[in-house]
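Single-structure report; data block below.
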């Protein structure tokens, strides 16, 4: 049993969903995504038992490209994030009616396929292909099932597509260059490369462009808010929950170990950029009028911190970044789902048109509150574990980084609570807010449970990722 | 056994919380109140057991539950530490907590969300216990933030009122500013000593030979900022008066007796650290003294009964910080305990008044309640005397110790502390006079309904009044049980035992005299002259400045809130759009190029061939002439 | 047998052909009448044919002359097709002015 | 050699079918015949040799490209059935011309003598002139034919002049002799000039900047199927021939010449992509896209000795994507008087399959992974960086980004706009061609080694 | 100056002059006539180079066939008038500039090239351009191109027919 099974299952799932027809599509998709989740848990067990679950096979002889899927702790953690969030996201969409549902759900599974592939690929080209492949489904999901004015949406989505593609193409050039040097794109061969400092810098920058746009790090973030706003919530969840983690994962997996000298030399610049994102994102989020846009900027702030953590090149930084990635994945999905729940009832995403929901649905309020609190990294939630570790690593580099990055806990609380106040509190709203349905409640409860469980007991994840991060760290420090 | 009991101690409030959250509505109001109260009472009982244990065994109990967070240079486990300090805190947290829960059963009975209220209260107790018994800084931090959260939830309990929500938000954010400081302190400590565990930290610091005093100072200062946030010291105090928006029991429990003392707890916990950083201690003392004075001055003119108590709380906390800064931890703790008694009593009493008046909090519309509410009056009088520092009430002893310590260190601090005390006496009795004496100034309707509160309310009041009266006994000069009890925690506790000479008696007398002066002024103004504070609009001069709290809120608004919001608008409207325009600009440029290029492709064969020939010539001449 | 180029020189032929070729190019560019443009193209081809023959003599090799036959065939074929197109344009638009062929642009 | 003979035979057979009144059998029989020829070619793939005094040289390169051309012609013939429905009486002529065009193409990649090369290119060109102008009642078609003819003849003149100079320098038309001589002796300057002029003539055929001006006009004006032929078959043929010419006759390209190629490649990519942005006519847009692809393919000339298989791969993917795209265009724009982008509105709703095919084709051209266009660009970039021209690759990358802009314009039109009217009928041949070609494209993407190792 | 050279010069002068006149004449008929003269002078060059067969073929094909085709077309379209509108000045300027440029560049290159042979050219003494030899080369070595040229002509024929044939309106 190896990891390729997962990918096959997802792909088969996508086709099956498409063939199942509009009525059954959502259920088939859920079934397959759950199957994949189960499968990945089984794989995790195999992995923990020390079995080899990699899959490496020659694919193209000239140039020498392998179909290499490798799973270490880091990949598995990200894979689990993907496979756990996918059924959640699919399940969360059960309250909505989508036209042409079969394509919709098939695209979701296809996207999960591409993202899982990105996390597993151990060959540069294969990785790149999955990376690019994940763009297409989200492009269509955002374009066809999105909301708001069609023209505006089109502009936003196309901008997003071209922008991210632009970044990643430079990564491709870097990969080709690396191929010239290494004669192979297998990650182990790339790690072994002995590049000069200037080569490393250029490669680092090429990678950075791709990742900075995907993550996004300011000032490459301008696509984000609009797309999050315009995409259907499912798309936004996929984007923010999993897809932007691809960028962060790639920083750790590809960028840092391949070009460690550059990473070390310009560490401060990139940390500073990440932290600037934290502050900037938080401040911009303060006065957003659209709920989804606000969440988008909050996401910008959070990933800025994660990126800063990753660029510290310390074990704490990397570990904190990974933990925070997973935590943020769950929280942000939950938050966007909350926005969707409100949208289903009020038919608006404008904050000023909300308010007074708490007296109508206390259950929903509590769950939303918990998500908000998790998002501002209240201790005992999973986010705190990540944020604490990241901030700690920043403080080891320079205490000012920690202080500036730490403003997230102040500003984050400010905008999140302000949002919560205007969305949920106040005089009872005149519009009717039906209580959350079982489906919605279940989704929220699962997310909340995950956040609390790993907030108090992150050890399984820490144990899973630490060896591989240590391995990467030795690669970074190899010369 | 100990582990299980400790878990019972910790988890019963959580259980109460869960029951109230999930089944609160079905249980019915009374029952949910009982569940909430019982869960705290159980904790209290367990605490008593531990108290007994610790007094006998004198050995702290340390429990490690599970590994929590891994940091590269150390592991953080989720552990509990039950030593003298934490058990002392637990005693009044759960003890007063039980009383206030009891009180709330009656007080909140008319509120439709009573089960929610109890849920939050239980949650608060749970987090407070976590804060107190956490074995390392980070577990403490869970509680630290958790109580902040509960404070937020309870201040905004009446969530339909956006002003209350604003207050709640403000409290949370102010606290978070402090929390950042605390985190920074934690980071530095972790970096320096590779541990955050209190016991190992203590051995590490005391055992270390060449300490980096700079970083140690920074750490201590950062931690102090955290304490400032939680314990409402300058400059982070403004949230506490606003926090009175919450139900009165909350004010009593969280914003007077327990949560706001967390800062003092933390500093006492880390006394070994602060002892090594005298500069920071000086800062603490100065900040504490200034806070005491400033808050007291503001308290002089407030008309909202709870606001007066709130500023009084800030002022008293300032005094406690003054003591902390002077290294007299046990004195500060003594004041914490007595303050918990009388301030809780005052708040609950004011709650009783407010309850009777159907929600009225403005003292200008009260008066003459003495007859209608005798028990409330009596208990509040006792508490007021205690806070004013009248012999032999509890406050006298604790406050006096602080002032004596201050006098020993720095006369200026003593003067400030004394002035603050005099003011305290004044505004407390201003409150008493305005509320209970003379004629009732409210509406007829209210007058009609005036009544003494039910026994569920008065019983806690009486207990607390008694405690306020006798609380001083735990640390009498010369014969301090408290100092002895806390001896294992504080290094210098024995050295600093006061000698009780004439000098000290003199100071006591001065303090007592000051208190009487304050009461006297209040008496002459509000009983003799029978004056009632003016309408808001008529307040002028200094009192206007004071009434508006020195305009600190406004200043903060102008200095921080408005700029950040303006910046947000600026970022949103200009920076975002211009970065976006930059990206779009590239697209526009290419598009424009395309448009211009279309003119080049004009459909004329002649031009096409001309380009062909030009290209040919260019290539040929480059290849064969330019070489 | 004497090589005629000994008396004339291959360069002269080259220059002649180049100039003739360029006149053809010039004609294509200069005139708007499609027929004349065709003729100019024929001039270009003829210039090359002449050069072929000259080179054939230069190398004393028959291949160059053989190639001229192919070139002629090509020229004939091109003219046939070109004139057919021209005729249909003339039928549709009544003009053979190439400058009027500007419907397709942009 | 057999391939060439068979193809010309098939062409003549086509004409005979008309005489024998077997009009209905023409398309199927031609396809069967072409398949047979394809089989023949593939079966002889590993036999190499020269025929008839070195007139035709058969090797892997020529066989591979010939097979590609045959495949493309099969598709084009398949599409003819539907396209010439209303021109039944001329069907045989059209098909025959296409077959002869194919024979010209095969001659061009398997020539051993410049005479064959010249005749081949003329057969190809003349066929295309005729096809471009073949909608005789349509002035646009006439204009396209005229423009193509005038400029094409001009280019033929240049090529002929080049050949003449090569002959003058070498005294032979035989490429083997020429290449031997070019290595050994001290060359008269005529030879490089001749090479340059032939190259320029070929650059015209593949529509590289600044010799590209004809392409958009002619593509736009020609009947759609002819445009398909030009943009797929003709372009690929010209590119392969140019590659063969340069690699066979002139193994050591001078540095200056490489600079020229770099500049032209960059210019073609940039101009093609930028110009395509504002086009509303789909054929015109694809013309500019074709120009940019020509620029990409020119990169193969920077590493002549090693890039044959890369070029083959690029050519296959590009032309297969082109065929797929054009088959959809043919379907959509049938009975419309233009190919405006408006016609594509709502295709995603009315005909999801064809919309998906077109999307796939465009994504392949844009170089999005899993479609083979991506791998084609990849191997080409790889080759070019290896040759040391990183700049070209970076410009190419920037151009790929720009290209997404207009490819997606079409995709957006299909999926986000409301359909304006129903399209009737599901012509089998068009569906078959569209699906098979895009499927082949994807298969090439999944197994690039199938093609990349062919010429290894 | 040998006679041959003088002959060459005269012929060249005629060729170039008539070529120019072809381009410049306003009347298409005149152009056609000048072109015929030009072709004849090229045939003279062929004769000068001793390629008699080619000269004759040239006259037959060009002057006989192609030119007649041109003339037919001109007559058919009734174009024998000087009705051509003058091109805009910029176009003419462009034409002249490109003419000068291409002439200049090409001639400069050829002048720059080193002299091929100083006065003495290969003389093999073999017969290489009699009809017999040409026939042999054409039908032996160049058999395939020769055959293939027929395809070319066939294509041209089909094409011409295709372009001018009227369709029977079946539907």
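The letters A, B, C, D and E name the chains in turn, as written, and every chain counts its residues from 1.
What we mean here is this: a residue touches a chain if its C-beta (ideal position, glycine included) is under 8 Å from a C-beta of that chain, and two chains touch if they have at least 3 such contacts.
Remember, predicted model here, so these are calculated numbers, not experimental data.
Looking at chain C and chain D, the chains in contact with each of them are B, E.
Path length between chain D and chain E in the touching-chain graph (shortest route): 1.
The chain with its Cα centre farthest from the Cα centre of chain C is B. Looking at contact counts per chain pair, the maximum sits at C-E.
Most remote chain with respect to chain A, judged by CA-atom centres, is E.
In terms of Cα centroid distance from the overall Cα mean, chain A ranks first.
Distance from the chain B centre to the chain E centre is 103 Å, each centre being the mean of its Cα atoms. One finds 37 Å separating the Cα centroids of chain A and chain B. The centroid of the Cα atoms in chain A and the matching centroid in chain E are 71 Å apart. Chain centres here are Cα means. That of chain A falls 66 Å from that of chain C. In chain D, the residues touching two or more other chains are 115, 119, 122, 126, 129-130, 133, 136, 145, 147, 150, 154, 189, 193, 216-217, 405. Chain contacts: chain A has residues 162 touching two or more partner chains. Residue positions of chain B touching 2 or more other chains: 587, 598, 601, 603-607, 609-610, 613-614, 616, 620, 624. Pairs of chains in mutual contact: A-B, A-D, B-C, B-D, B-E, C-D, C-E, D-E.
Contact residues of chain B toward chain C in the complex are 598, 601-606, 609-610, 613.
Remark: chain D residues 8, 11, 15, 51-53, 55-56, 86-90, 93-94, 96-97, 100-101, 103-104, 107, 113, 115-116, 119-120, 122-123, 126-127, 129-130, 133-134, 136, 145, 188-190, 193 touch chain E in the complex. Interface residues of chain B facing chain D in the complex, by the touch rule stated above, are 587, 590-591, 593-595, 597-598, 601, 603, 605, 607-609, 611-612, 614-616, 619-620, 622-624, 626-627. Considering their complex, residues 25, 28-29, 32, 98-99, 101-106 of chain C touch chain B.
Looking at the complex, you find that chain D touches chain A at residues 309, 348, 363, 368-370, 374-375, 378-379, 381-382, 385-386, 390, 393-394, 397, 400-401, 404-405, 408, 412, 415-416, 448-449, 452-453, 456.
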